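Heads up, the next two complexes both have chain A, just with different partners, chain B and then chain C.
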Partner chain A sequence: MTSLTFDPDQHAGIVALEQRRRLYSMLTIVVLVIILVAGYTQAESMNSGGFMKGMSQFFDYPGDVIEEAWAVGWAFWGIVWRFVPALVETLNIAATATILGGVFAAVFAFLSTRNLDVWPPLIPVSRRMMDIMRAFPELVLALFLIFVLGASSVPAVIAIAFHTVGALGKLFSEVNENIDRRPVEGLQAVGANWPKRMRFGVLPQVLPNYFSYFLLRFEINVRAAAILGYVGAGGLGAELLRTIGWGKGQETAALLLLLFASITIIDQVSGMIRRSLATGTLSGRRMMA
Partner chain B sequence: MSTPTFDRDALLAAHPRAVTHVARGSLVALVSLVLVFTYLIYAVFAFDIPRLIATAEPQRAVLLVTDSVAHKVHVTKSLRRPEFEVAVEGERTATYTPDTYPAWVRADDDAETVDVDLGDGYVVHIVGDHVTLETPDDGTIDVQVIETGVTIGYSGEKPDWVREGMNVTTGHLVKFDARPTIDKRIQITRSKIEIHRYFTGWEHFFFPFNSPLHGLSAGEVAGLAVSEERLDPARSNAALIFETFWNNPEWQHGHIFKALLETVLMGVLGTFTAALVGLPLAFAAAHTFNRFGVIRFALRRLFDFLRGIDMLIWSLIFIRAFGLGPLTGALAIAFTDTGTLGKLFSEALENIDRKQIEGVSATGANRWQRYRYGVIPQILPVFVSQGLYYLESNMRSATVIGALGAGGIGLVLVETIRTSRDWENTLYIIILTILLVVAMDGLSSWLRRRLIRGG
Partner chain C sequence: MQVIGLTKTFGSVTAVNAASFAVPVPQMVGIIGRSGAGKSTLLRMINHLTPATEGRIEIDGRDILSLRGRARHDWQRDCAMIFQQFNLVPRLDVLTNVMLGRLNRHGTLRSVLKMFSREDIGRALHALERLGIADQAMKRAEDLSGGQQQRVAIARALTQDPRMILADEPIASLDPMSAQIVMASLREIHERDGLTVICNLHTLDTARTYCDRVIGMRAGEIVFDGPAHAVTTDVARDIYGADESFDEGVTSTSLNDDPAQPEGVAYLRAARASA
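Let's turn to the complex of A and B:
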């Protein structure tokens, strides 16, 4: 057996390419390191508490909370039970917002996909609208609506739903773009009108993927709903703000436990459902908040 | 050509399974729709929408919108003390001196008689404690301030834009409040007469009222910047102009810029840290690269734990330990997303193509070279595109974490809304926040296209 040899002169082009690539990689890594070092130095100087001091206190707060919860003993589970309605409220915010957002996202996605025979001028319009909705930070809309509507869950629902239309709409339209056109053409050949072509030719192809993205978005929205509660929109977040303000460690611990448990359970269950739905093309990777 | 005909019975006889399949699908769809609809009806009651509609304050939205695109000038005459003031937004630092009153306000030296022209034919004459309001369509309205409050006389019908305030215990009229159009308002009580006139635009956006640069045109400012003659002997004119703008007490450009920088730092540092810590952990959690099942299991649970704690809880813990600042937000993002990205990367690593690694090892490559040329090129696109997606999304998260108390633009936004005084400032911050998010979105999708196509 002869060993492979490599003659640099013979492959000058490849060597040059490889060297340039190496240079780019090195440059990227250097830039990344500079950003990280400079960024952390800057962040450290802007922070009110320093990094070292913070690290030493890192476990103090969780420690205190757990200690106070431990001191309560079995009654702790009673406290947990008392906060279940707050959890239900947060889940309701997320579910309603995901449903409303998902419905509008589906409509927008159908109007923004080229291969679904919609009126062409509509396509760029609905795409730009989705971009705007996606870019709009939930916090801004929620704070505005809390000011107008008063502190309740509805501002959070509207804010999350608005963002969901943009985020899900984009993913849905990508699903639409990858459909097999043949069923649609077949239906057209037997004289089916547009709604029928969509109902029997497109929906059966896209619904499993839609549902999978929908579940993933629901996970993200549960987290968002909890956070928006903290700025005034009810549910777990609002309770958390209250108990932290009043310094009731055992109640804080109960709320944190509920939040952690529900997020983990939703995460695992939706992951299982998505895996069972999954076809080769589908993954949660393109999903973003 | 004959049109195809549809005979259900014939079709059912020929393809029974196809027909029942479609029918079953329709039934499932119908049942799901009914369930979702029922849930939404439940939600209407769970959120108590009827009460919400009853207590909503839509006029606040109008107020917010008007106030955020306009500013008002207050003309105030105190009836208790001999005081008369014309000031932008009623602020002490933005008070006109008697020789610089705007043209629509005329007052004699002791402000005994004052004429205010509100535009569109509405003119207010003040003589001592007597006010006459001339209107184009509703005649004149006379208001006399007396010991117990005010007396009001109309030359015609009482217009519907006038509200009279009554002291319910004594039955005396104590307040006159007229808002004929959205940009004019006259309020009279026993203690003072206050007239507001609104103007479109943001006032003092560049330079504060009491600075020497106020009221200069852009050309004049540019001329000053290059002129040798110093307004302030201690500084060059360009520095003076910049510092006056930057430290504008009302708009606080410098303060807001710093807050934006903090938010960017949170998002960028948090995402980069998560990606760089997540990658090696992902190798150790992928069965293709790690034979020790225990370690893999432990790392997977660690990822789940980091994700399950959620950004909200991490933020609260870090705010307690590290106080206000970008470091707090960066670490909260980094902790949560180390779990998310670690999980994604390890899934990507488990799905890579073994053939490429085998090809590289067939050339006699060592372990490091196999990783470098067999694995990294395969997962780099996933790494880059996921990292950038999370960078985008974390810019939004950073504003929210800021609002929880970590600082940055989120906190500034919450504070200006809570004080709800200057809505134009709020709108300014909202616009900057959206611009920041959109700019980061654009940057990240540009980078993604460049890196993935080019790489």
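Let's turn to the complex of A and C:
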């Protein structure tokens, strides 16, 4: 019988469980702090400079860059304009790699989804292939390819596209898993073969989500393409490497401005498109079918 | 068409047990029985959507269950299937959905690039006109009502140019008025095009009103096969395994007391005339 008066020992079991949970949370935090401190000490001991010493000069360099850019006056915008071709090259690398990677990602996604009547042994094979492609960082791949193919934007495109196949393929495959099977069954009953069933039963369902992930990946790839310039792939990164190395503050500032502005604009525009795709308010949504 | 000893087992459960029947001339056949009696499995085996465990289905002397690959896809085209949930592609427009009935007749590359001919468009529109919904052709399938979607599905079946139509609970998720239009359309296709229509139905009065012949199934077995008018209350009780309290009036969706003049027919004619 339950008593109406308060008895602190009435639910002793639940109280004990709750206390044990709190203890686990505390332990997790303690472990994280230990990892953080240990990691910092390790890095500090291997450094030639020293973090705390560098910290005091942390804002000196950005200060110099801004000062130099300010000193140039209106001519600064001329410098910005001069670097637009480099920005275009970076955007080109990102766009080509995203399109190329996206197409192959779609193929791999279809071959790695369980509910799409794919020959079952093929599924783990294509999944592992995507895992491998995803595991290679673009930078490592680009370094290797530039060594083999020479410094140009082609190795960068291949490196980013390769990684994109793995990364987008996994997301696409997850979209595929959530489709409504009924249209596919309807087309099967019509006597349509596998490619036709996928084209008309699955693709119209998944395309809006694919497009949304595609835009997200494009943003990421613009950043990746900018970084790859550092290892010799051309574009903004190559220019940045040069200007920082030569201490040309005004040019560095112009390049950073271009990079920030373009990434912000791409972020905003693709976010807008993705939101309207999700809510279906974009009048162009019909053409996605 | 001759079905001989058709059997389907799922693990230890026998969904359909040695079903045999013949459809020598074009007929409109209603299959009735409780949920889980094996009606859907039977139809799906005929269309090859579900592989049969045992038995044969013979048409013109060849066993269609042994067909593989291209020949199997051609057979699926020849026996169009209509589903309870319509199974259209919701994001595509009505016209494209209907043209998808032609998919089997075109090469893969042409189909995948969505290259439909003028003839395909014409056939699709003609089929939509027959079902009185040509004016909805450019709408998305998902924007139509259930009854309209089912008529789109029938139009798609017609563009397949099939030899028979299988309908798996075509009216189970429709309101009574839409149900009558759909059943009247199927009846009209049977009469005008001379196609065999085999239809799984939930309600007895629908089977009696629209079908020439009724097959009753209980627990995977065919327990009744005869003309629709022979389905008396006693026979129905036997099929449904029900006792004295069984009253078909309770589940009836009929809007009309006169079964000889189903209302849907008149409505369909009017819709077609105004379109």
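Throughout what follows, the second predicted complex is superposed on the first by the 265 of 289 C-alpha atoms of A that agree within 3 Å, B and C clash if a C-alpha of one lies under 4 Å from a C-alpha of the other, contacts with A are read in each partner's own complex, and residues count from 1 in each chain.
Convention: a contact is a pair of C-beta atoms (placed from the backbone, for glycine too) under 8 Å apart; a residue touches a chain by one contact, two chains touch by 3 or more.
In this text the structure is predicted, and so the values were computed from the model without any measurement.
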{"item": "Partners on chain A (chain B, chain C) - clash or fit", "value": "clash"}
{"item": "First (chain B), second (chain C), both or neither touched by A:Pro204", "value": "both"}
{"item": "Partner chain in contact with A:Lys196 - chain B first, chain C second, else both or neither", "value": "second"}
{"item": "Chain B or chain C, by number of chain A residues touched", "value": "B"}
{"item": "First, second, both or neither for A:Ile244, with chain B first and chain C second", "value": "first"}
{"item": "Touched partner set for A:Glu89, first chain B, second chain C, both or neither", "value": "first"}
{"item": "Partner chain in contact with A:Thr264 - chain B first, chain C second, else both or neither", "value": "first"}
{"item": "Touching partner for A:Leu187 - first (chain B), second (chain C), both, neither", "value": "second"}
{"item": "A:Val140 touches, of chain B and chain C: first, second, both or neither?", "value": "first"}
{"item": "Clash-bearing segment of chain C, relative to chain B, as chosen among 93-101, 183-191 or 219-227", "value": "93-101"}
{"item": "Common interface residues of chain A - those touching chain B in one complex and chain C in the other", "value": "190-191, 200, 204, 286, 288-289"}
{"item": "Residues of chain A that touch chain C when the two form their complex", "value": "180, 182-183, 185-193, 195-196, 199-201, 204-205, 286, 288-289"}
{"item": "For the chain A and chain B complex, residues of the former touching the latter", "value": "3-4, 32, 35-36, 39-40, 42-44, 46-49, 51, 54-55, 57-58, 60-62, 88-89, 92, 95-96, 99, 134-140, 143-144, 147-150, 152-154, 157, 190-191, 200, 204, 223, 226-228, 230-231, 237, 240, 244, 256, 259-260, 263-264, 267-268, 283-286, 288-289"}
{"item": "Interface residues, chain B side, partner chain A - complex", "value": "3-4, 22, 25, 36, 39-40, 43, 46-49, 52, 55-58, 60-61, 64, 258, 262, 265-266, 268-269, 272-273, 276, 304, 307-313, 316-318, 320-328, 330, 344, 347-348, 363-364, 382, 386, 389-390, 392-393, 396-397, 399-400, 403-404, 410, 413-414, 417, 420, 430, 433-434, 437-438, 441"}
{"item": "Chain A-touching residues of chain C, taken from the complex the two chains share", "value": "47, 49, 73-78, 80-81, 83, 85-93, 96, 100-101, 103-104, 108, 111-112, 114, 140, 153, 156, 160"}
